[in-house]
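Once you've had a glance at the structure underneath, I'll fire off some questions.
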């Protein structure tokens, strides 16, 4: 991934809790998707309003696909940084990319992606509303 | 707790996953409340119908208080058994007790309790409906 | 994925708890990786011995990459089935694939993959020991 | 709990993620114990050094008992504040209390307690070392 990180993007700091680790002494692999969600929420919030507002307006962004590459582990008490960027949007989907780094951002621990559908309260795919699309421009 | 375990009650077997453990190599302490919920759901289901049906009928049982005593740890791959009993019901609350044992039920690993309010979809306390109360008689 | 599901494989039934759901009313997306781990553990256990024995022998299988496609949601109280297969092994890695279906196995809810390194207690990659490789033949 | 909150104490801000909620739309009840752990870690860290250092010195603080009272729910995207205080220490145990409030600290959402044993790497109870006891004086 030598390509530049896509914009808009944001960073979110996060402290690893004991509850996020597993018996191998490192962050359990499924928890990184939870961390990606924290980053994604932060990105949307920083661009204008919370994802909770998106839902109040009747739009939901369920995940269609997620990937994660685990390059180095994170341990209890570490500060990590979650970088999130919007990598693409089509008529009815949004794509995000993620990088999680160690405390001084010198080492990438995980990289990931998520693809989201844009659906209404009935779960039916809809065109991205202009007010949502405008957030990312 | 030398008193007999309250009735109605049930047992539920559960295999400990890696994701339920923490860096101490044992099940993370918060996860026992999740296991209690599995036991509680099993008890209600076994008495007549799922808690999902209770919610469909407009009744919710949010937890008001939970306690847990940790007597011995559980580890990855172990089979544990979750015993759940109804310890009491009043006009607008339900109380459950729990014991989690090791695979051959020779050792109690944790003991716990939960108290639940009975509320409607608006979150307002209501009297326990007869159809729900009858489940436990 | 019209190719036949790889062998060896296994099925594991799992009941969705309340704690596995999120505010959208469905299983939270990160939890599917936890479910994949349950399936993977079951596959290894069924082939001869638990992954805990693998670790006792000084071999660890940290995840290098995970992917998940979300096709349909799962809800509280549903029985789902986790199908796990070994899709490949090289000198120092193991690959698994997963399908999660609804209760009667008529609908695939999620599909996923994980790639695992084979490392020793110091985290250094090692050749798959014969006793481990033999499990999968 | 009209008694003053015990000292030493600390506050920790936390943003509720989607993954912490359940199908009732609020934070799942077991997750509050996870939040208590975040508060407890912050308290110890703020007093001198991380709990990870405590473990490196061969001392572990497994939970013996936890309680939680749920007064009001927390929802996705809310900022909550976790207040943690040391409520007592004896020769071989440490007790903590917790309050979780809403964003402006005007409302207490949950109250809780945890009791911890002090054990060595073999899990045997030991007297609190002076360097640990001194943290809390």
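Note that the chains take the letters A, B, C and D in the order they are written out, and that residue 1 is the start of every chain.
In this text, contacts are C-beta pairs under 8 Å (C-beta built on N, C-alpha and C of every residue); 3 or more make two chains touch, one makes a residue touch a chain.
Since this is a predicted model, take the numbers as computed values, not measurements.
Chain pair with the larger contact count among A-D and A-C is A-C, by C-beta pairs in contact. Comparing the centres of all chains, each the average of its CA atoms, the largest separation from chain B belongs to A. Remark: chain A and chain B have CA centroids separated by 33 Å (rounded to whole angstrom). Centroids built from CA atoms put chain C at 23 Å from chain A. Inter-chain centre distance (chain A to chain D, centres taken as mean C-alpha positions): 27 Å.
Each of the following residues of chain C touches two or more other chains: 18-19, 24, 26, 28, 30, 34, 37, 75-76.
The touching residues of chain C, when paired with chain D in their complex, are 18-19, 21-26, 28, 30, 75-76.
Considering their complex, residues 24, 26, 28-34, 37, 60, 62-70, 73 of chain D touch chain B. Within the complex formed with chain C, the residues of chain B that make contact are 15, 17-19, 34, 37-38, 41, 45, 50-52, 75-77.
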